[in-house]
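In what comes next, subunit A is part of two complexes: it sits with subunit B in the first one and with subunit C in the second one.
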Partner chain A sequence: MTTATLETWKEISEAAYRDLENAVGAENVSREPAVLDGYAWQPTINDDPAKWVKRPVAVVLPSSTEEVQEVVRACNRHGLKFKAFSTGWGVYSGPTYDNVVQIDLRRMNRILEIDEKNMYALVEPYVCGAQLQAEAMKRGLNCHIIGAGPACSPLASATSGWGVGWDGVYMSYGHRNLLGAEWVLPDGEVIRVGSCDSGLGWFSPDGPGPSLRGLMRGSTGALSGLGVFTKCALKLYPWPGPSRVNVRGLLLDAKAEIPENVRFHLCFFPDRKRLADAVYRVGEAELGYLATRTAVAAFIYTFAPHLLRRIAGTRCLRDVLSRGVKWGFVIMLVGASEEEIAYQDAALRRILADHDGLSIEAMGVPAIGSMVFMNFFRVTAIPMVFRMGGLFSTALDRNDTWDTQLDWAEIGESIKRKWIERGGILDDLADNPFMALYESNMWAHCEEIFQYDARDPKHLASLEPMFIEFSVAAIEKCMEPLSATDARLRKIVSPLMGHYNEWQKKVSAMVDTNRAADTGMYCDEVDFDFSKVEPELKAKLDRLVERFRWTEDGPPS
Partner chain B sequence: MAELNMLLEKLASVVGNENVSTAEDLLSTYRKAGTVEGGEPLAVVRPADTREVRELVKLARAEGYNLVFSSSAPPRLRGDSIPRGEGIIVDMSRMDKIVRLDRRNKVALIEAGVTYERLIPEVDKLGLKVLMPLLPKRGKSVLASCLEREPIIIPKYHWDMTDPMLCTELVFGTGDLFRTGSAAGPGTLEQQWAAGAAQKNPMGPAQTDFVRVVQGSQGTMAAVTWCSLKLEVKPEIHRIRFVPDAKLERLIDFTYRALRPRLGDEWLILNSYALATMVSEDPERIPDLAGEQAPFTVVYGVSGYQYLPEERVAYQERDLARHAQAAGVSATAEVPGCSWKKMERILASPSPEPYYKMRPKGDFLDIFFLTTLDQAPRFISVMEAQAERFGYPTQRIGIYIQPIQQGRNAHLEFTIYFNPEDRPKALELFDSASRALSEAGAFFSRPYGAWSDLAYARCPDTVRVLRKVKDMLDPDHVLNRGKLCFEIEGVS
Partner chain C sequence: MALSDYQRDMEGCSRCSSCKWVPFNQIKSWRFAKNCPSICRYNFHAYSGSGRMIIGLSMLTGRSELNDHVAEIVYRCQLCGACDTACKVYRDDIDLTEVLLELRAHCVEQGFLMVEHMAAIDALKREDNVLGEPKAKRGEWAEGLPLKDINRERCEVLFHAGCRYSYDPDLRDTVRGAARLLLEAGLEVGIAGAEESCCGGRAYELGFRGEAENYAEDLLSRVKASGARILVTPCADGYAHFRYLYPRMGKEIPCEVLHITQLLERLILEGRLRFREEVPFLLTYHDPCHLGRMGEPFLGEWKGDKLQRPMSMKRAGRKGIYEAPRNLIRALPGAELVEMERIREYAWCCGAGGGVYEAFPDFASWTARERIEEALATGAEGLATACPWCVRVLRDAAQEMGAELPVYDLVDLVLQAAGIAEKERV
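Showing the complex of A and B:
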């Protein structure tokens, strides 16, 4: 991701600052450097956190759509840019230019409506997953919570970011859960996407005719490059369990009362083929409320990073984890009736038997079950991903078939192993994929997580070469790399996929004549500094680009 | 005439003489459809591949033609393939390859001209099924049905409005080629298959999702040459049940209760006349058969798959029975004139010829829109009041409610059946009822013909942005000129 120094940063003009004060009230705008630097500290997925990101020139805290509009209009008048921020999480939440007003949406934190019957909620940007889930559960419903955890904004992931979570098998993907959105365009005008723009409610996201949902984002959002989303309607999903799960304690020191209609299986298979085949059958049987393949070592580094360090140095334990229990799969079953949970459990066991798998039913092991339940159900374990090294990053390919995602996990593992051996990243035993299934139809997600310590110069020096190595591997596999949304590689990757960024630039120009949105994470292009990348790897990238670059007639055969 | 001949020569230079036609019987099928009339098709051209489609678009830009894409066989029902003024019809039916069927990943990749009739048996051989709308026309293009957002009859598989369509190949009005979803690349389809991919991911590439802009656009944004399509497993055990009842509200209550935990497969609600029209082989018998039905009937399917199919069906039937009891309704295995086996066959196939809605009177008009299930009774009252106002018997209106997006909203469809000689009266009712329903809050998400004025009058902000999008993707307005909210001065 793009990073920058503060060398070219300038203070905001008095006139512009007064306009911002007029927009949101003097108490809700700041240019205090200490406050601004709080926003510039966006380390996650920042490949050089020593630099931080750009410091915004001011931060504003609007409380309504109208105030957001006024802020955006002020930016247009004064030649400033804006960048929205809700719950944040990574480098993509921060400015990429020197003249950016950070629009912190934390005062817009209301759940405006829950339509229990038609299973959707209307929310503002700072509503977080845990907040929405808790309210939904009171009505027998639940919401999709992304992998980044329950502190994150469902609006942000559905409109502007990514949107994958362990519950994807039952609750889909952020963007596909959108039923309508209110959108402040970069010129300050508001549009609403879907039936809500006709004043008919928030039940349908598309039309009349073409859907503007296709403009606002793709598999990745525009990350505020096309404006600010101030409300959205999101699908809710059934939760046939209790309205509240009684829990004592926090995170790993928690004891939850497991609902009777829940089963939680830790499944293991002898090899990749039998795991792959079994999971395809799980999809065809339409089983699961939550499902993931996560390596056992990943559980350990999350829950007990010091223990993992010891294990990593012990050959036999290392082998047990890396080989003996490598092909694991976690699935939570939830039944709306006793008969349904009995059926799901029996069908899963039959699939396991047919594929030589075995399962530990975690709910039958109270010490484990009560500890891990909320970590999966509410995704509370995720923040612990920072424990091992303080920071982590990820390597993502394009979601497609379950088979391709298993390939990506293996590719990622092999790349990581090399860098672990070089001391370039922390040793998490290399196999550390975050995988999710979608919609029981067996398209899936895999990202390879890696841990690093920003205080270690060797680690920092590894990040850019690894980023390129993962990109090369994805392109070689005919997969869209994560770098497709990175300003430094767009120029290289875009021609391999229909010149998508030329269209993104056109979309940007169409809605943003004053270039008021911070488009660094949307359509800007800068050159990548390949000086830290091995020449052979750069040459391989060049060959792949030559091979896959679209001609006038499409992809070359 | 000389000008037309020159035009035909240019078109022939792209698709070959034998694929350019000005035959009157062919052109006449593009002059009117549904309530849309006045099309002036100049010729019908039949491209063989994407290259020819792109050449046609480039030619249209150079010469200023209006291209209207059409993939399905007649009868034409909605008017989206009727040009507004003059137009060249681009008939995609030659592009009819089933490019790939993938059993493991449950995907088909099909060209625009592939029909349901053609695809269903091929998919069936693999133990899979096509996710279909209710009784599509026999010659209906699968891709066109998806692009038109025709609702599929299994709500639990309708996760999002693009379903079951996944990836697409597009030719924008600029002539540029683009691919959406995981088909975008890197690599050709073949290279992607070799790498294990199957064009399963419908989103993207990157931060665009142009398939959503093209879907529902009635061919005004891009031509679509192929798409990948989500398939599902054919059940080992499949049963259809009927829940007839006098009160629609009870059936809606039952539907909400059942769809929330994703019980059932097929799920639709029909009134007595719509049901009779579907099941009666003898048009003369339809009124009597309708009289024998309950006013409304839920039709649902229950399935068991490879693993423990009996057990799955058993738990679903038990849970459904509980919900039925709570809603005060009950299920049965047959209704007058239709066993569950017969309904199973009906739901799994395209309509027999002639198209089933022609059966009662020889012609028909549909009014359909999106709403939520709980609002359906209110809209039915509006429609019935309109029918009474125009002297149309309310019991002869067909009503079809299709829950979509797993029950979060619904396609509500009224059918006005009429003798061809009564068309003017039917059009009056259609026009008045459409307006009344719009005023009552109907969301015409698929705004064919005159509905576009009704729909777009309600959302000027959306119109403002859509026009910019149109100018970006089709700057010379060569694709289905003048449709939706993209009026051109001087073209009526």
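Showing the complex of A and C:
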């Protein structure tokens, strides 16, 4: 959406630069173009063929909340915008305007507290998921790690963007685990959200004291459009396993000492209905530490992309994977005692039997056990998804009921199949949803992943039309369409969803009178360039938008 | 090769930041989770492996230009390979170290050089060593030892001392001891003495490629003339360049190439070297980058689309030397090995490599101090390692910190266990 052009980029003024130096110290600010470009290369989840985003005018490295405040105030004084950045993986962490100061929070990297008794951790932005998990495990605890993996900042996802992961079945969703936050508003004022503001500790995000959680986070997160979060408390969960999992080796030959109290089942069902019903039963029985429906092809292209390329060209193998093991479900059980794990195992087997399912106990399969355990427990394999084509993108539906999300997976698959046949994306056998379950499996997340090679102009040309096709399909099925972080799509879909963006704009105007925050990913609206989209598809979108648009009287009948 | 040959590698960077962390399966604590000294010290993304690749891409695509500041960013990096290994845990198509090397060659081509590096290269050209010491004195360390002079006679084992061992007075006993151990085991050992030259690896790392090729030629002709069946070196840098850089330049050494720890391990296993004395310490071991991940032999050049490169051809450090030094420690009577958190392929660098020791000594020392902290956290009574550069910088750092942690060259411990150290002193 943003563009690579440097034509409109201007150097920061001397006065503004001095102010930034005063805020963080001269060695912690830079305006060197090559350094700034380090923040402008954002190829992931970026459908602009150039893969560069706007270059910031400066980058700062604050070390404290006070320094963040000073930077934000300097931006206000000099008519600049700011954009926060924790670990910065993905297009949404880069600037969308020409006059943005990138706030790289790397120096704010401490775990300030782990409260074992009340089971929470107080963290700064640059603590990564793997660090927090390693420290929590030493205390018999664990933290939610999002599907983007352990390199990401738990603070960033809980306060500012999404928060979905395979452990959702046990540890829920990013912002559900938020127990309070320290928030530098776009004018530089700092407020604290939740019980911490009343000096009572970081145990509740909704008071005593101001809640504001809905306002600051909403559904997706403001993606730095409402200020900068400098610390937050996150809920931790029991981990009845060892304080450290020893792993030898790094690559696919890694061997992990898998704890005794862990079981990992790859389950398969004959059809969608039996899979769906079984998963509801699993939820009722409160089983699972991690769970997802993931296609076998996704495992293969992650761990052995060479093999998937061969399978894709072999009809009978394709059929086995696309049909024979299509309705698969992965679940990891963790028991606090031998009895508990035996119970969970037996309960799962009973559910499988009732739904004609079968399971492979993956931990016992040589070479696979270690791979799946660390991949799911610490989500370590995620950067491997780039092995197939070099880049991937995703058709993101949001969180809805489990059944609805199975629908979305099927819709996604059928759209992808078409684009694979046209050579518009890589052939990953089409069925490749990323799914997670939450809270007794009543609701779930699903996004359809697709792989492409940025060197292939045909692939690059497919991205925008696919984006629209997925959106049209979602609107048609009354699902929440694609990622609301895209300013083009936001403009199209906001009227269909209660004009939610009007409210976001109001919130933004209220806390950000100088418009200092970069709101490109939060509440800006931009026209979509439909030139690459087939006219029939565009016409269909227009009809749907007309049909489902909210009026002043409320939703369409 | 040129920087532009790696454009696809640079464009392949997804910006996942894995190159800043110990591979995620191996993160054991908050404190020792990071792997790249440069980004840890300077913090801007540009100082990471990914950041440097983006600098390269930015310059190649005309978005930014090389200048003194950018060149300095390029050189404030130990070329330790930790970023590359971490990236390759996940990716098949990015050769990060090669990009870092190309960036340096590009800096040299464009005339953006570090003054200290120019001094080292001048010294190299003048005296055939990067320390600027007189060439004539290179062989002095071996005085009085019954070693063969390969300039005149043939030998079974050619011992290449390397620049630092040849001249650093603190390490003289060590290098003499290494040779004595081989003699003790009954090997016929030869040296080139004053005619020995630098391996050329440091020059290559600084971006001066022509020099490196000349030194490779020189060594090759010496090995051939000596008739040696083994080339052994106690210098980890030299070892890595002999195993990786030389074959990559098409200069395959025509005999077995071993690091001293490998040969000592072999001699112990064969019963040719025996231990008599106790070395009653709890020791931790620092993997030198050039012996470990960077010491992986050249695996061949993959010519096709790197997305399709087989695992066996990606340089991910798996075939580096990790076990031989550990086995030596385990074999020392009374010694016990306790591991640090960052080891083997994902070990934290000592700080000396890539020309950092010469140009940015404060950064080298900062990096080494971080390693000393990690060693202290194990409760070890001593830190052993197997590279003269690591020994130098780690010893200095421990001293600066006032840390009660002796830093040993592993050869010294073997000498002690073999009861040779005393004899040498007498």
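Points worth noting:
FYI, the second predicted complex is superposed on the first by the 544 of 557 C-alpha atoms of A that agree within 3 Å, B and C clash if a C-alpha of one lies under 4 Å from a C-alpha of the other, contacts with A are read in each partner's own complex, and residues count from 1 in each chain.
Heads up, the rule we're going with is that contacts are C-beta pairs under 8 Å (C-beta built on N, C-alpha and C of every residue); 3 or more make two chains touch, one makes a residue touch a chain.
This one's a predicted model, so the numbers in the text were calculated from it and none came from an experiment.
Three-chain overlay on subunit A, with subunit B and subunit C fitting side by side and no clash.
Of note, the Cα-centre angle with subunit A at its vertex and subunit B and subunit C at its ends comes out at 130 degrees, rounded to the nearest 10. In the superposition on chain A, contact of A:265 is made with neither subunit B nor subunit C.
In the superposition on chain A, A:387 makes contact with subunit C only, while subunit B stays out of contact range.
In the superposition on chain A, A:28 contacts subunit C only, with no contact to subunit B.
Contacts of A:505 after superposition on the shared chain: neither subunit B nor subunit C is touched.
With both structures placed on the common chain, the touch criterion links A:130 to subunit C but leaves subunit B unconnected. Taking subunit B and subunit C in turn and counting the residues of subunit A each one touches, the greater count comes from B. Taking every C-alpha of subunit B against every C-alpha of subunit C after the fit on chain A, the minimum distance is 23 Å. Shared contact residues of subunit A, touching subunit B in one structure and subunit C in the other, are absent. Subunit A meets subunit B in the complex at residues 117-120, 140, 172-173, 175-176, 179, 185, 189-193, 195, 197-201, 203-223, 225, 235, 238, 240, 280-281, 284-286, 336-337, 339-340, 342-343, 346-347, 350-351, 398-404, 407, 439, 441-443, 475, 477-480, 484-485, 494, 496-498, 500-501, 503-504, 506-507, 510-511, 522-523, 544, 548, 550, 553-557. The residues of subunit C lying in touch with subunit A in their complex are 8, 11-18, 20-21, 23-30, 33, 43-46, 50-51, 54-55, 57-59, 63-65, 69-70, 73, 85, 88-93, 307-308, 310-311, 316, 318, 345-346.
By the touch criterion stated above, subunit A contacts subunit C in their complex at residues 6, 28, 30, 32-35, 37-39, 41-44, 51-52, 55, 59, 61, 87-90, 104, 106-107, 111, 127-128, 130-132, 134-135, 149-151, 244, 247, 250-252, 254, 256, 305-306, 309, 374, 378-384, 386-391, 453-455.
Here subunit B touches subunit A in the complex through residues 50-51, 104-106, 149, 159-161, 177-179, 182, 184-188, 190-192, 194-201, 203-218, 220-221, 230, 232-233, 256, 260-262, 305-308, 311-312, 314-315, 318-319, 322, 370-374, 405-409, 441, 443-447, 452, 455-456, 458-459, 461-462, 464-466, 468-469, 472, 484-485, going by the rule given at the top.
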